[in-house]
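Two complexes follow with subunit A in common, the first pairing it with subunit B and the second with subunit C.
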Partner chain A sequence: MVDFVTFLDITISGIGLGALYALVAMGFALIYKVTGVLNFAQGELALVGAYGVVILGTSSLISTPLPAVAAVGATILFGIILGIFLERVIFRQFIGEPVLSVIIVTLALGGIFSGFIRFLLGPNYRSYPEALTFGFSIDLPLGTSISAAYALAVALALVVVVALMLFFRYTVTGSILRAAASDEQAAMVLGVSIERTIALAWALSIGITAIGGVLLAMSSGGAGFSIVATGIIIFAAVVFGGLDSIPGAFLGAIIVGLLQELGSFYLEGGSAVVLPVVDVQLNFGAGFGEILPLIFLLVVIVVKPYGLFGTERIERL
Partner chain B sequence: MTASEREAVSADASAEDEETPVVELDNVEIVYDRHFLAVQGVSMSVDEGDIVALLGPNGAGKSTILKMISGIGRSERGEVSRGRVFYDGEDVTNNGANEMVDRGVTHILEGRRVFEDLTVEENLRCGLYRGGRRFRFEEDDYEIAFEYFPQLEEILDLKAGYASGGQQQMLVIARALIHRPRLLLLDEPSLGLAPKLVEDIFETLVEINRQEDITMIIADQNAQRTLDIADYGYVMENGQIELNDPADVLLNREEIKEFYLGTSGDGSRYTDIRHYKIRKRWT
Partner chain C sequence: MPCGEYFTSYESRMGLFRWRIQRVALVLALPIPFILPLLGLGGGNVSLLSQMFIFAIAVLGLNVILGYAGEIVLAQGAFMAIGAYTTSRMLTTGAGLLPSMAVGGLMAALVAVAFGLPSFRVKGFYIAISTLALQFIAEWFFNNSRAEWIHGGAQQQIPSDIGLIGPFGGLGGDLSIYYLSLVAMLFFAILSLNLSRTGIGRTFRAVHENDLAAAVLGVNVFKNKLLAFAIGGFMIGVSGGLYAVYIGFISPDYFTLALTLEHYVMLLFGGLGRVWGALLGVGVVTILQDILQSILQSISAATGLNATSLVSVFFGMVIIIVLAVEPKGVLAALGQLKEYLRKWPYAY
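Up next, the complex of A and B:
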């Protein structure tokens, strides 16, 4: 049998992990929604966020590191500036060109980002400053608890998803971003600057992704290259939500987080679930939790190609 | 030279003396992708407050001309490779869309290009944007839209993609009006609409032209309807202007009657004349 409190605990940490993914996933969905680009550098951008704090907030590269909170702020700011910079230098050249070219460019960018960080800091795991590794947990009712990093992730992910939904629904700029996504030329004859639209989308997206990267690192005490793998995991989340839907990406990420946590706990042998009637132990061996979201991705693509909330005219994958 | 042509020439000459035209094309050649010649040797002039009809069959170059005036053609790799385009007497050849919008030119593209995923209200909201930022945002901004298209007020929360064809056409015109343009370029506003709706929309366009003092260029295949409301007309064929006259003169020309209006008196059918080279008969 399944112990209920343990189950709740695992569920809560699944939601926490999902919230971490949600930030990265929403950054991805935002770019797809506004520019139609599948950003295959998403995992690497999260990595940039994670290592940004290492570079600015520890003495690994600079002699007088910034205070921890300032380092996080500066990293997010750097993400926003990086978005504007990428539009100026790269994405602007591709306006009016097939979207596929930009998708290929994101693949290249991903390689460049992770390669550059490896060049600066080497391939090893780097711990975060003391102030950012919240070791404590917050107690919740029914004897459960949530780690502080996860709690922060849940709060921030909720803030971001609500803020983005309000932004797209109620502001002129938000409407313009959606309009440009829906018909670029019709937006241009209304005086919309496509360059600014793209710059804004990338700045917002990389800013949010950087927050996600920092929180991912915080939840494990420091930055490591395993964060890049998040780029694939959040893909499952975003496809489930429907690629161009921000709340969809949020929900998808929570589900992926839950699948991963519950899968690792119950299906990998340790406290394996025993099916009562046939008396079979569900034990798929170590690491199954991590591939469970990908199996889920396959099923979603087959059953519901446009995801939960996706616009149905988007291309199939 | 016929009497009507002489009239046209003298009208042109007197207009030049009085005021600078809003738009003037001087012997313009437009090339797409550096190789594809779309429009050749086109000269036209549009006076302040006029409605100018730009007529001709599919592929004659009507849209291309509108696109080069509004600057949107640049984003499709179009280029004025010879000649000049003037707006208000200033050289605006090959300017971008943003700059032309700032100067008060709003282009309504062919095919009722509403933003389908956005509601009607959100579509109108996009008209509040100009030059990369929103330029006014008050409740009565939409008033000009509702004044001419009161129907829209009832469907504000409808997704524009689900609106009827007529409503969509109203929406794109209303969205453009919120811009308060000086010059409105309309590409095929009657395309695919029921005759009654076309009637209504053209009537509204005349009202807008008179009351808001907005100059218009209307490219349309519906020659009769367009010439009825226009002050002046240009007829294009194969990327060149074949005829230009005041609208009432054009309406009475035999070539126009035969080829565009189908009201020629001698009972000739289209099948009898289609193998003629149209241009030959016009020169």
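Up next, the complex of A and C:
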């Protein structure tokens, strides 16, 4: 029968994966809340973060790589600058344009990023510098264990999430962002510069997404193109959480991470569980773990489209 | 004699070819694609034109869903894959190409309608998200060896000795594929042109412009959205089937999100919601892509860089520039240019 310690092990790694997704999902929810842009390029932006460390921190492109920690810092800084750049150059043109234009623009941006990274580094997996990979694992009570890289990534993700929550709750800038998100015109009347707020939201969003990408790559020891799939998986998280709710995105991401880990252990390959009565092994084939969140997404869209904490929009003629 | 041409009846106003110059152009231009291969066009060019016609069908299908009914569908690759794999499965039973393609189209239409069902409750980007999920699910499904009893293997060779219907009307070589896809494209182009002129097309447009207002006026919004999904899905599925026969080999790698993006570039470049725009977009973008591919391939061969991956960068930039400069597409821009020249040197 299914062994309890294994189950606990998988649950823990699922929550950990969820915490990693949470960063990317919160980047999405933040920008949707403040500017109304649905960013379909989140996966590729996370990829930019993940490969940023490879470019700056290893000697694959540049002859004298930065030390690992500096490379991570530079990548995050690059993410923030990229956010401001994208807002100024691209997304400002599309304020007030139909949803379709904005969606297609983000998809096109995704194509540009992944194509460019493929051009620079090729389609192969690239491992991270030594200082960012850890060989040992940490023992947890009840006989479970978790690898150190994973644990560190998860811990950092949780720190960022908590810092963000505190930032939104207790700082003036955070309140301005919340104000601009809830009512743009009222915020403008009260003297908030919407232009600067939107630029800040983009910088913050892409900065967080880049951190998410770096940590996702760090948890698996290096960057690969499979990170792009995060872009669609986080939709399951944010739609379940209610699209414009940042705590909802966090909660949704944890659930999606759990679903993915449990799905890939219990519903695919040799470890798949056997249905007790009819004696059929629930083996849906390799890669089902990543598909389960998408099925969950479809169910949420049909059953509860506004999610847990989302605001239901009422339309009038 | 009137000094010009005037519409004197509703029929002439709504006609497919309204002006004398259009009729002349039709008579002069229509034979060109039919006699082109006979005039010594190289095999590579015939193949490129066939691909253009096949993609034109898929883009016209996208035009029905996105241009007419306004639903954002991001599953071109998935629908084409469903069409392609169904066609391949049907061909092995010896049914012939036309019935196989029809079944492929119906299958894609069925899946399209199934993924259109959420539009009962939600709209806009939720459909975009759910169809994007379909794209990923389809890629996984066709790669999955445990679903082989449904799709029949991820990599498949299409049999080469196939007939149009059953064993009759044998197809041989690139030229027959060329004519087949040309005729199919003309059929679907006329179908979409007529669709936009009839009540169904106007209903689609009403749903697109303001679905709430359309519902108040007595339009069944849900039914019409599903109808658009079915018609568009059928066309995309048929195009997938033709594409499979054209390449002669199918693999999930041909039907990725990149294909979806490519079709969006074509449609948005030409002009959303216009049949001629879609055809123009497919033509221009396919030729551009072909030139770009060959240039980048020679660069890759010379320098050892993988420059071919820059194609998606190029297309991404084209799509962003088109949307920023002229969201209605090149056809609308040409119309504006014509107006400007007509009034020149006055502003109005």
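Things worth noting here:
Methods note: the second predicted complex is superposed on the first by the 297 of 317 C-alpha atoms of A that agree within 3 Å, B and C clash if a C-alpha of one lies under 4 Å from a C-alpha of the other, contacts with A are read in each partner's own complex, and residues count from 1 in each chain.
We take it that a residue touches a chain if its C-beta (ideal position, glycine included) is under 8 Å from a C-beta of that chain, and two chains touch if they have at least 3 such contacts.
All values reported here derive from a predicted model rather than from experimental measurement.
Looking at the shared chain after the overlay, A:182 reaches subunit B, while subunit C stays out of its contact range. Of the two partner chains placed by superposition, only subunit C is touched by A:116; subunit B is not. Of the two partner chains, subunit C is the only one touched by A:107; subunit B is not. Of the two partner chains, subunit B is the only one touched by A:96; subunit C is not. Shared interface residues of subunit A, touching subunit B in one complex and subunit C in the other, do not exist. Considering their complex, residues 38, 40, 90, 93-94, 97, 99-101, 103-105, 107-112, 114-116, 118-119, 122-123, 229, 232, 235, 239, 283-288, 290-291, 294-295, 297-298, 301-302, 305, 315-317 of subunit A touch subunit C.
Listing the residues of subunit C that touch subunit A in their complex gives 66, 70, 72, 74, 117-118, 121-122, 124-126, 128-130, 132-133, 136-137, 140, 143-147, 210, 212-213, 216, 258, 261, 264, 268, 305-307, 309-313, 315-317, 319-320, 323-324, 327. Across the complex, subunit B is touched by residues 95-96, 172-173, 175-176, 178-179, 182-183, 185-193, 196, 311 of subunit A.
Against subunit A, the residues of subunit B that register as touching in their complex are 70, 72, 75-77, 97-98, 101-102, 106-109, 113-118, 122-123, 125-132, 134, 137, 172, 175-176, 179.
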